[in-house]
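Labels for the chains are A, B and C, by order of writing; each one numbers its residues from 1.
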């Protein structure tokens, strides 16, 4: 994660996740500080979770002021211009898809750099990607979208796995990251547009 | 926790907790990935919480592939055979009791090995035991069962305390663990069967 | 935080936060152990969050028995005398305001001592102050009070910033802490009494 290109991807991921969190906060009638806190928790939560688990503490967000300014900016922009921000895109889910794609690869590559094996590294990439959204949904009393019928965790795990495999094969880091993120993003956006769902349990659930 | 016997107990605990999480997920109509994520969060969450707090990071589950395979297997088995898994036992609560009994002793012994005093070590055992279930209930929007009238935290704390006292008296680790787990398990199962409850506050709560 | 005065402030903060958690638990009909666990999670949760993020693990609460005894005492007192505890004060919110004021300054000063810059240190002070209450509200299925219209995070951030600035200007630690805590407390209590609110988003939120 020392490469400037990866840090840039990470900051963009924080920005779009923070916007998704701020939009949910606005729709729940949170005040300005609620919007900023939810933007921060959504944008930085997945990375905090990863850094605490792989022992990369204190997290970059607490040592580098850019990481703190990004969700603040996203929150203020969303608070002031939320009708336009909402119109500009198909809302929370699309911003969320971009954040997912960027975080799954940067999370996986950071975990690999901290010495985790390929399988745990890919898994930490998935956790980084889905963590912020789960925290956002917990804090706003929604059932996390990741769990129910949405095709969400698989694209993240796949993107993370691609980045890790590229890293093991000594491909350029930025290339692995972009390919993994692209696959995750396209898959997730298609799942939203075409309403793809993951398999549900068969048979009656009332056991 | 270096002893193979304790690692085996830990893995069994992860397995039964993961099944309890997967059963809740199936009943909430989660998809296959929601089932796997909830199995993983329930099975590994208490141990992650403990490892982060006692600074044993990265957690064993991220360094040892067996820890990751166990909840995946439990989730897949439950997803495929959930009516049978549900019938086989009295459901979530019984699996949960086994997980509680195993985790409270392995968690306490690991905390003691990392240098915590006996009281905090027993407390960390309790946290390890109840953490996964609390995370499971938070993620599925249920009020954590541990808090309301269920006799749950006391058996865990007692089992953890027995294991810690055995450790301080230089008893064999596996023996202390099994006695502590046995006391916790029997107490918890009796509480389920006989509907024992912990004391409730006296007087009107509407102060 | 090595100074006895700061440790005393921290312990008082834990005590009043633990009472606020125990009062919520009593009102939700939790049993005695639910009351104790919620008292502990509310009193210690913000500090645990801070210590894990700034890598001050294991948290003081696991190394120093006084930190564990305080929420237990607060929980037992509230469980036994809850009508009087509730009458004595205007309830949860006032205890909560005292805890917020104390934790935002002790949290910020501890983060500064662990080498964080002034902006992240002030932010960690805010996180320490609001963390316990957010955990309390999550565990009892309430929308965290911090997010919705309550003027809550700003006083905490302001108090934390005052403490950090005093620390940077080499003022006596206890003086900086008391001034920051006082500003936070007065502001928060006025916000409760006069029903001050933070700005809400303008325009229709249904974007």
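In the analysis below, contacts are C-beta pairs under 8 Å (C-beta built on N, C-alpha and C of every residue); 3 or more make two chains touch, one makes a residue touch a chain.
Predicted, not measured: the structure shown is a model, and the values here were computed from it.
> Touch graph across the chains, line, ring, star, complete or other?
Topology of touching chains reads as complete, every chain touching all others.
> Report same or different for the chain A and chain C interface, where same means the shared residue numbers exceed half of all residue numbers found there.
Homomeric contact, different residues on each side for the most part.
> Please compute the angle of the rotation superposing chain B on chain C (C-alpha atoms), rounded to a multiple of 5 degrees.
120
> Please work out the Cα centroid separation of chain A and chain C, and write it as a whole number of Å.
About 29 Å separates the centre of chain A from that of chain C.
> Mind pulling the residue numbers of chain C that touch at least two other chains?
Correct list: 52, 138, 141.
> With touch defined as at the start, can you tell me which chain A residues reach chain C in the complex?
23, 25-38, 48, 52, 57-59, 61-63, 65, 68, 79, 82-83, 85-87, 91, 138-141
> Show which residues of chain C lie in contact with chain A when the two form their complex.
So the residues of chain C touching chain A come out as 52-55, 114, 116-117, 119-120, 123-124, 130, 134, 138, 141, 143-144, 146-154, 197-201, 203-207.
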